[in-house]
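In what follows, a structure is listed as structure tokens, so that the remarks can point back to it.
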Amino acid sequence: MSEKILEIENLTVNFDGFRALNNLGFSLDTGELRVIIGPNGAGKTTFLDIITGKTKPTEGQVRFKGRNLRPYAEYQIAEMGIGRKFQTPRVYLNLSPRENLELACNRVKGVFSTLFKRTPSPEKRTVSGLLETIGLVPKADMKANLLSHGEKQWLEIGMLVAQSPDLLLVDEPVAGLTDEETERTGELLISLAQSHSIIVIEHDMEFVRQIARQVTVLHQGSVLCEGTIDEVQNDPKVIEVYLGKEEVQHEDDMRPMSYPVSAEDAIVT
Amino acid sequence: MTTAQIERGGVGISRKLMVEAAIVLGIMLFLIFVLPLLMSDFRLNLTGRFLALSIAALGIDLIWGFTGMLSLGHGVFFTLGGYALAMYLKLQIPANASSQLPEFMGLYGVTELPWFWKPFYSFPITALMVVLLPAIVAAILGYLIFRNRIRGVYFSILTQATTIIFFNFFNGQQKLFNGTNGLTDFKTLFGLEVSKPGAQYVFYVLTILFLAATYALSRWLTSGRFGRLLVAIRDDEPRVRFTGYNPTGFKVLVFAISAAFAGLAGALFTLQTGIISPNSMNIAFSIEMVIWVAVGGRATLVGAILGTLVVNFAKSNLSEKFPDIWLFFQGALFLLVVLFLPNGIVGWLRDRGLDTFQNLTGKRKRSMTYPSLEEDPEVDYERKNTGD
Amino acid sequence: MTQTYSTVASGSGVAASPMLQVTGLNVYYGESHILRNVDLTVPRGEMVCLIGRNGVGKTTMLKTLMGLLKPRSGNIIFDGQPILGKTPDRRAKLGIGYVPQGREVIPRLTVKENLLLGYEARATRPQNTTEIPEEIYELFPVLKTMLTRMGGDLSGGQQQQLAIARAIMGQPQLLVLDEPTEGIQPSIILDIEAAVKRIVATTGISVLLVEQHLHFVRQADRYYAMQKGGIVASGSTRELSNEVIQKFLAV
Amino acid sequence: MLPSILDGIFNGLSIGSILLMAALGLAIVFGLMGVINMAHGELMMLGAYTTYVVQNLFKPLGIFSQTYIFFALIMAFIVAALAGLILERGVIRYLYGRPLETLLATWGVSLMLQQFVRSVNWVLIAGLAIFCLLYFGGMWFVKKRPDFDVIRQKAIALLLPLSAAVAVAVGVFLSQTFKSAVTQPWFGAQNVDVTAPKWLQGGLPIGNYQLPYTRMFIMVLTALCVAGIYFFLNKTAWGLRIRSVTQNRNMSACLGIPTNKVDALTFALGSGLAGIAGCAVSLLGSVGPNTGQNYIVNTFMVVVVGGVGKLVGTIAGAMVIGLIDYILGAGILALLFAQIPPVAEFFTFFATTSMAKVMVFLLIVIFLQYKPAGLFPQKGRTVDA
């Protein structure tokens, strides 16, 4: 169980001098559900880009099931068993949910097998089952661009599952969803976690509390801290990153801090 | 139309397919047996030519309409197919003729048949070359372009440059291909005199059969999983990659198939016009092909055929009556279609038809998410940043 | 210094009306409802802070204010006149100075050129358009030393100062700041806070601030708390209780 | 050997500078706005025809007529820039962000422009003028009404056919009253000839070769244009605005830059440069309605090789292509490798103008395998085509 599915060492990514990730270390156990939080610009999306092969690291390496991912292209990494859900749902809008799922479900992704083989019946059954899980049976055969935002989010999660990866990367699955949808998404992810390793990136703290066992906080391209949700919430470093120097605990100190430049100096008229 | 209806092996679906096949068969029978009674030989020949062109339009539709790659180089593939057949025809020299070479070679002092003409003595090889030659050229070119993830307008520009290159090449090689004049003055095919009405009727029927076959092939390609993957590549290529497919192979294959269609069209067209020259490789012709599809409605196979026929009949009528200002019409057609009829005739009919239907049944028109998503800055940003 | 900003003090339009008034704003991305019935007011000469966690719609609110997004319903009144029909550049010329999230410094223009772009928002461009007023350097001394460097080569903190300076160059009546402290070292955060305070004190302009950094939030006069696209609490920042902070801001 | 290499370099650079001249406007429009303008060649053609007209107007001026070229340059710029402005306002601005559609639409425009120069006559001009006057004048009038938004559709539905009908009627009337005096096409489908001014005829003799003055003139003109563009983009307020909008459109708008005006100006500038290029190529040979078509693909290749968005890329791309093109086409390589027969034979095969183009294209495709984004790829945010 404690076998690592994903190990990241000394990961650094430079974009034209800007360090999106800085000497980042990270590892994920097989079967773990991990939530990553962090302020905007902390490098969360770059982190996913690196794992999925969209961006290549400047330094350091990513090992998935013990294999270094650097030489592989996106589609090869996807075939090795890493699935990604994007921040804004990216489903194929001119295809129906069923077709979307069937494409993701396809096991042999070569040109000719896609062309000549009909969808085998086990895959059809998987797709039907998934449609039920994500609640899209009534809309299974209408174009995906007619789905609501929440339904698209779910469809993309469904596509991810259809791909049956070992590791799921889920970027903000509840952005733009209603409370009810958010909660159902949480349940879905928890049930998925029984058979998959999952990394979720999320802002919605209530949602994080619902699903999280372990939380990693990213800040300025590095891991700031790691732990359970309670540990993280009480970590002074995290509070500082999110709220600034003034700590919430200091209930008495409600006055603004004095400036290094005194007010008299600053206001020259 | 075609992508929406997917065979799922159910009874209802296969009945739909039967109906469609019946309709296609009906149209074919009408074209083969009834139309010749209604038209003069000249008009019938025109119809045959346009039907041949619509085979090329089907190819354009496959790569542009379904896969989203705008090729401006299909004139090349069209002409290659035409030349392949024309070379066979030029080698049908009566045994008693003074020279056993195509006559133009004599003019340029060629004494021995160039090596690459020799395979074209054989009809099976020729028939194969008509489709294989353009397909191979397209596959090589496509592979070199797609593997570097060059796409969008860059692909269009490179295909356009290809037309110029082939145009220059064929124009410059008088000894090999008779240069600007092209290959013409065909005599016989299987003992049939090519220019006689009887032979032309045979070619006309042949064109219809091939059109039906390519239609069926396109229909098969664009239904199943393969077709859905093409649409997926058009809608969001990076996403396809993250799902575990390598789009390059798919794009190369579909580009090659569409080139083969163009080659076939070129061969049939050459049979019916009696000439093939580098002129059909000029840029204008290749872009015209695209506009046929745009007028008919991209991503609808029927639209590609319909558009070809509509535009070409309009062209032959208008350019007869107003030869001076045909280009004005054509230019305006481009503008109007792009600005006001982005889904073409078939798309417009479909959308309007759906609206009317929904109005009748009292349903409100569904709001479309697709265009608004296009404007969505987040999606746009993500597309840009995850798109290579 | 006062001379430079003197146009602001008198103001224009109806003096009694607030600087900015947003009513019943609803914004969608595609089908997803991002802002729900947002009401918000920025009184003249006050600093108003919009708080809430990431992804609750604060940035969407500011983008709609600038005209980068179109609301489905609602109204925005700036300085007494409705601005929904206006393009972003018209809004800027009316006196909204926008410092967006991520700074959006133009990467391949020099710092000086970036600053000069600030003049674009002025209704009448000053005579000498290639000089940067000294006040800008007083606010952000660091900029003076790097005028010839490319905007994209600056550090995050320097870019932020540049972006604020650029907005100030246009002599806005309302300064809109989107997370000016995000991803910036604490020492520079203090510089930026000081500069914003100084701008407010010297020019009397109004500020609409989106912020998560509590210390900065405290500098504002009023706050609005946002959750799931709607305003869920508001009041004076003096009354900003820990309960509210825990609920809407804390991790 | 040495003179032939010198000759190669001079001619290559001269071909390159014509390419550069033609590609400059295209690169600005494509690089800065992401718009593929297939009508760019036709804008060049307009410039060339303008040169022809100006030349004819100057003919009666005797000795003074030899200076027509300078006026022609200015007029060519203005005419092409105006045409570009109309094109941008009328068509392209509705198609931003849809490059493939822009490509097809501008191709339509290019066909119309070709036909326009073939059939332009007084009747056509009068008809167009009357139509514009009535339709746009009418719309301007209607726009003043407070309920404009409500009646807009109706106003268009009424004004459009009405003005068209009046214009056609006037056209018919004119052509029947004045007959061929007004129906005679100005240029017709035939090519027209621009003769270079006397002081540009001939050339500078160097050894056995002559450097034609016209080509030197074009090289100087190109250098001036590049310098001018560089100055405009880097030293003027509008240049700053253009650069800003190119790099970040939304933020530029939020800073108060009128992006619509910047788009229109950029496009007009690019088109104006096409006009100057047209004026330049008219010195090299006769011009016809199809002149533009001969340049369009080559200029696109320059942009593809050079990379998008950088002036230096366009310059390098044009010069490299020009040099290789000439060196191959003139058979210089075949001479160099004369000792090695198979190689020499290979290069001899490509030693014609058209075959050299074949080789250049092959080289470009090979080059793109290593540098898909061109010689000078842009870093960071780019125009995602």
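Going in written order, the chains are labelled A, B, C and D, and every chain counts its residues from 1.
By our rule, a contact is a pair of C-beta atoms (placed from the backbone, for glycine too) under 8 Å apart; a residue touches a chain by one contact, two chains touch by 3 or more.
Keep in mind the model is a prediction, meaning the values are calculated, not measured.
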Chain whose Cα centroid lies at the greatest distance from that of subunit A: D
Of B-D and C-D, pair with higher C-beta contact tally: B-D
Intercentroid distance (Cα basis), subunit C paired with subunit B, Å: 55
Geometric centre distance via CA averages, subunit D-subunit C, whole Å: 43
Geometric centre distance via CA averages, subunit D-subunit B, whole Å: 31
Chain centre separation (subunit A, subunit D; CA means) in Å: 48
Multi-partner residues of subunit B (at least 2 other chains): 369, 373, 376-379
Multi-partner residues of subunit D (at least 2 other chains): 250, 380-381
Residues of subunit A whose C-beta touches two or more other chains: 16, 88, 147
Contacting residues of subunit A [partner subunit C, same complex]: 16-17, 37, 39-42, 88, 147-150, 152, 172, 175-177, 179, 203-205, 220, 232-233, 238-239, 242-246, 248, 251, 254, 256-257, 259-261, 266-269
Complex contact set, residues of subunit B against subunit A: 3-4, 6, 9, 221, 224-226, 228-229, 231-232, 234-236, 238-239, 241-247, 249-250, 253, 366, 368-370, 373, 376, 378-379, 382, 386
Residue numbers on subunit D that touch subunit C, as the complex places them: 237, 240-241, 243-244, 247-248, 250-260, 380-381
Of subunit B, residues touching subunit D in the complex: 70, 141, 144-145, 148-150, 152-154, 156-158, 160-162, 164-165, 168-169, 171-172, 283-284, 287, 290-291, 294, 324-328, 330-335, 337-339, 342, 377, 383-384, 387
Subunit C to subunit D touching residues, read off their complex: 66-68, 87-89, 91-93, 98, 100, 104, 106-109, 113, 116-118, 120-122, 129, 152, 166, 170
